[in-house]
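The two complexes that follow have chain A in common; it is paired with chain B in the first and with chain C in the second.
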Partner chain A sequence: MIGVISYLVFFTTVAAILGIAVLGLNLQWGNTGLFNGGVVASFGAGAYGTLILGGAPQESQLGGFELFYPLALLGGMAAAGILAWAVGRLTLRLRHDYLAIATFGVAVAFENVMRNATTITGGAQGIRGFERPFRQMLGDGFTYNLVFLIAVLVILCAVYIFLERLTVSPFGRLLRAIREDETAARSLGKSPDRVRLISFVTGSVIIGLAGGLYGTFYAFVSPQDVLPILTFQIWAMLIVGGAGNAKGALAGAFLIWGAWTFSGWALSRFAPVEAQLYTGSIQFVLIGMVIVGMLLWRPQGLFPERLIVSQPGRSREKTQAEGFT
Partner chain B sequence: MIQHLVDGILVGSFLSLGAIGLTMVMHILRFANFSHAELLSIGAYCALVFDRLFESLLPVLAEKIGPLSMTGALLVSILISMVVTGLSAVLIDKLVFRRVRQKGGELSMVFASFGMSLVIRNVIGLVFGLSSELYSRDIAFAMVLSRDPLLLVKPDQVFVLIAALVIMFALYLLFSRTTIGFALRAIAENPSLAQVHGVNLKKMIALVWIMGGALGAIAGVFYGLSYQITPVMGRDLVLPIFAATIVGGIGSVYGAVLGGFIVGVASNIALVVLPSGYSPSVPFLMILLILLIRPNGLFGEARA
Partner chain C sequence: MDDAILKLSGVSRSFGDFTAVDDVTLEIRAGSITGLIGPNGAGKSTLFNVIAGELAPSSGSVSLSGTDVSRLPPDQRFALGLGRTFQIPRPFARMSVLENVMLAPLQQTGETLLGAVFSKARIREQEEAIRSRALEVLDFLTLRPVSDQPAGKISGGQMKLLELARVLMGDPRLILLDEPAAGVNPALTEVLIEKIEELNRGGKTFLIIEHDMDFVMRHCDPVIALAEGKVVFQGTSAEAQSNPVLLDAYLGAPVDA
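Up next, the complex of A and B:
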């Protein structure tokens, strides 16, 4: 029984961390219409940033600044933000798919550099020797994981509320306006490039936060954690849940992570031994099919975006009757 | 240094072929196709299947041509593979891209291609296994072109370069001399106006996919001849090919050719300064560089 519960705690923690990343991506794609093909770069920047800043010094390796944990986490988020700002600055004013290509390139380059820059990132072996916060107080066992889960859920709620408030604020309205009709927004004196950059960087910082928590949870990060498949997984979560809808995005995170874990377990349990080598390939095909299938048959996701009219003094029925969608 | 330059030109020859197809798709269908590099994998594996088939059925074809490691069987297989890959590109468009195109915006297409690349790559891995394959197990000896500085070139590489140049010249003739070429250029410039003038949009889109697939198949086989055939070759090639199209300017076939050679040479020259582990990052640096100094590429035009 305790085994099941401790597994559930573990599962929920990872799903909630990925949920935070999906919320960040939802701000970029769902609310602003930006295609981020390199989610994993922001995620990785957060994880590596946090572990390098907060970790203990290692031999022949930069980092190990042993910063106070929240500062380290903020540093990881900042790393993700700076990376996003640099890419966004260069590409956001160009053809829309340039951002997709550039972010995809960032993710490839990021993994490549993490793998090779041994003196900074530990190379293929990753960063070890990170002391998880409050470890002396809580130990390493079940209690720690439970407390960590609660902390993650609190952060998840905070991010969720922040984003909900943001989307109903004038800024959120501006994001949707730009997504739907850029020229019209521009004619009202708004600057789409600047707004898009703000949204892209904010989303990446949130993804970086998820990465930082992920790194903290495992107290370890290596190039294996920043492989392109993570980008696909987070995208599948968003598209299944429904882009533009934060609740749907969270549901998608738990659904896809559950399906991923379950399919991995089922394949390792029931598939013949010769097929075990191909478990990864089968799971990858499934993730790809989920993405393509959702686009073909239900592009709005399982829980579609409900457009909120943030104009006071008018009821929703009335505006919908006027065809304001 | 000179060896890196020569190697870079040889790499550029198949990057260019891949980039030509991608730039046409990106220009006419207006989306960044992340699954284009998978057409190279399809082409390479398709040629492998027919190569093995012909070698066992018709031993005459298993003879090597001159100093090349290439056989007559492979030559025939390349032609078949071009057709098959072109048709699979049309099929993928029909099954996925056309339906997404009718429903959603350009970025939905980018997203769909993102998912398709994952599906195609791993289905290939499931069918053919995850280990790498070679067209010929024999060791191809390099020719020594000069001893000081040492310059080695494999006969296959010379063949690949010459063949690529011939194909590019044929494409040049197609675009500048034939009605089909004019129609393709017209569709790219202004689809509605071209249709008013009697150009069949659906047929032209199918033609773009067939050409993209056929060129991709050649590029894939040439990649296989130079290195090895693996299910993940699409993953390794997608960024260099994107870099080639962006450097050349989206929509410009000549730009794609030049871009392919520039990216190929730059990636190899970079190895002089950088440790070899960093070479996958070089195409990305090229993209950043070109976006900084000439955002629309060498031959591209600004277009929203």
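Up next, the complex of A and C:
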């Protein structure tokens, strides 16, 4: 019984952390229409940034500044934000799939830098020896995980509220207008380039926050954590849940992470021994099928975006708009 | 009232070897409803895009109320009082008609990231004001009944009215309309004409591209004609109706030549 609860805590923590990343991507894609194919670069910048700034000094390795944990986490978010700003300045002129290709390339380059810049990132070994906050007080066991889960859920709620406020504000309206028709928005006095950059950086900072929490949870990060598959998993979560709908994005995170872990378990349990080597690849295929299947048969996701009728001062009136695609 | 609100001098625009707009010099009188006519491919839409800032001129200059705006992007020209609609309407399709209109006002506190999250009271105040102004404009343009519809679901004619509604929220002095009557049912065209004339009496200047000669001759004065990128006629609509070149090119022949 304790084993099940303990596993559920573990599962929920990871799903909630990924949920934060999906919310960040939802701001970029769902609200602004930015096709970010390099989610994992922001995630990794947050994880590496947090661990380098907050970790203990390691031999023959730069970093290990042992910063006060919240500062380290903020530093990780800043690293993701600065990276996104630089990438955004260079690539946000691109549209649609071209932006996806460029950002995907950035993420692959990021992984390679992490793998090879041994003196900063520990190379393929990753960053070890990170002292998790409050570990001395709470130990390493179930109590720690439970407290950590609660902290993650609180952060998730804060991010959710922040983004919901943003979505219903005039800023959210501006993001949607730019997503719908940039030329028309520009003709009405808006500057799409600036707004796209703000949205891209903000979303990336949130994804970086998720990365920082992920690194903290495992007290470890290595290039294996910043492989392209994570980008696809986070995209699958958003597409299944429903782009443009924050609740859907969160539901998608839990559903896909559940399906991923379940399929991993089922394959290792039931696949014939000679096929065990390939179960990882089968999971990749499955996630690809989920993305393609959703795009073909239910592109709006399980929880479609709702049309917001701006009514300040009153409870927001939302009507389901027909034919959203 | 005879000062120029818009001045083009020697404006050209080429795409590769093709010169779409060729050395156009003209003035739009403040308070007028000026019609811009010409056969397909004459360069009318290109000229519009150069005036609105969507395209940079290859040479020449555009000035708005005495300010040289040749190098300014469209958003800054809107802020200086230049509004435009599009030949093929560009609604923000998955937003409500009301939201489309509420987007347009400039200088909204809630349009900045921090303002949106932290200045709640100020935003509510501004939104109330913008909302009631938007509903007034929608009322004026007969769009109030569809204000909660997704803008992508209303009729083509209503989309043209919606584009005008959005533009009006910025309170521009000069409004460019690209084929406002094309593809619109006659009843809505009547509404549109009536509203344009009412706005014009209120001091707004219009520059209108239109294929419908009847529309141009009845409602636009003066008239400018473009052919192969050049201005071939500029004068009153009475003069236009007796000009042999124009008669030959547009009035005698089928209109949509």
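Note that in this section the second predicted complex is superposed on the first by the 305 of 325 C-alpha atoms of A that agree within 3 Å, B and C clash if a C-alpha of one lies under 4 Å from a C-alpha of the other, contacts with A are read in each partner's own complex, and residues count from 1 in each chain.
FYI, a contact is a pair of C-beta atoms (placed from the backbone, for glycine too) under 8 Å apart; a residue touches a chain by one contact, two chains touch by 3 or more.
Just so it is clear, the structure is predicted and the values come from calculations on it, not from any experiment.
Of the two partner chains, chain B is the only one that A:Y278 touches; chain C does not reach it. When the shared chain is aligned, chain C comes close enough to touch A:F171, but chain B does not.
In the superposition on chain A, contact of A:F65 is made with neither chain B nor chain C. Using the contact criterion defined above for the overlaid structures, shared-chain residue A:A100 touches chain B, although it does not reach chain C. When the shared chain is aligned, no partner comes close enough to touch A:Y160: not chain B, not chain C. Taken in their complex, chain C has these residues touching chain A: 52, 54, 73-76, 78-79, 83-84, 86, 90-96, 98-100, 102-104, 106, 108-113, 115-117, 123-124, 126-128, 131, 148, 150, 153, 166-167, 169-170.
By the touch criterion given at the top, residues 162, 165-166, 169-174, 176-177, 180-181, 183-191, 198, 202, 305, 307-313, 319, 321-324 of chain A touch chain C in their complex. Touching chain B in their complex are the following residues of chain A: 33, 35, 37, 90-91, 94-98, 100-102, 104-106, 108-109, 112-113, 115-116, 228, 232, 235, 239, 277-278, 281-282, 284-285, 287-292, 295-296, 299.
Touching chain A in their complex are the following residues of chain B: 26, 31-32, 34, 96, 99-100, 103-104, 106-108, 110-112, 114-119, 121-123, 125-126, 130, 235, 238-239, 242-243, 246, 250, 275, 277-278, 280-281, 283-285, 287-288, 291-292, 295, 303-304.
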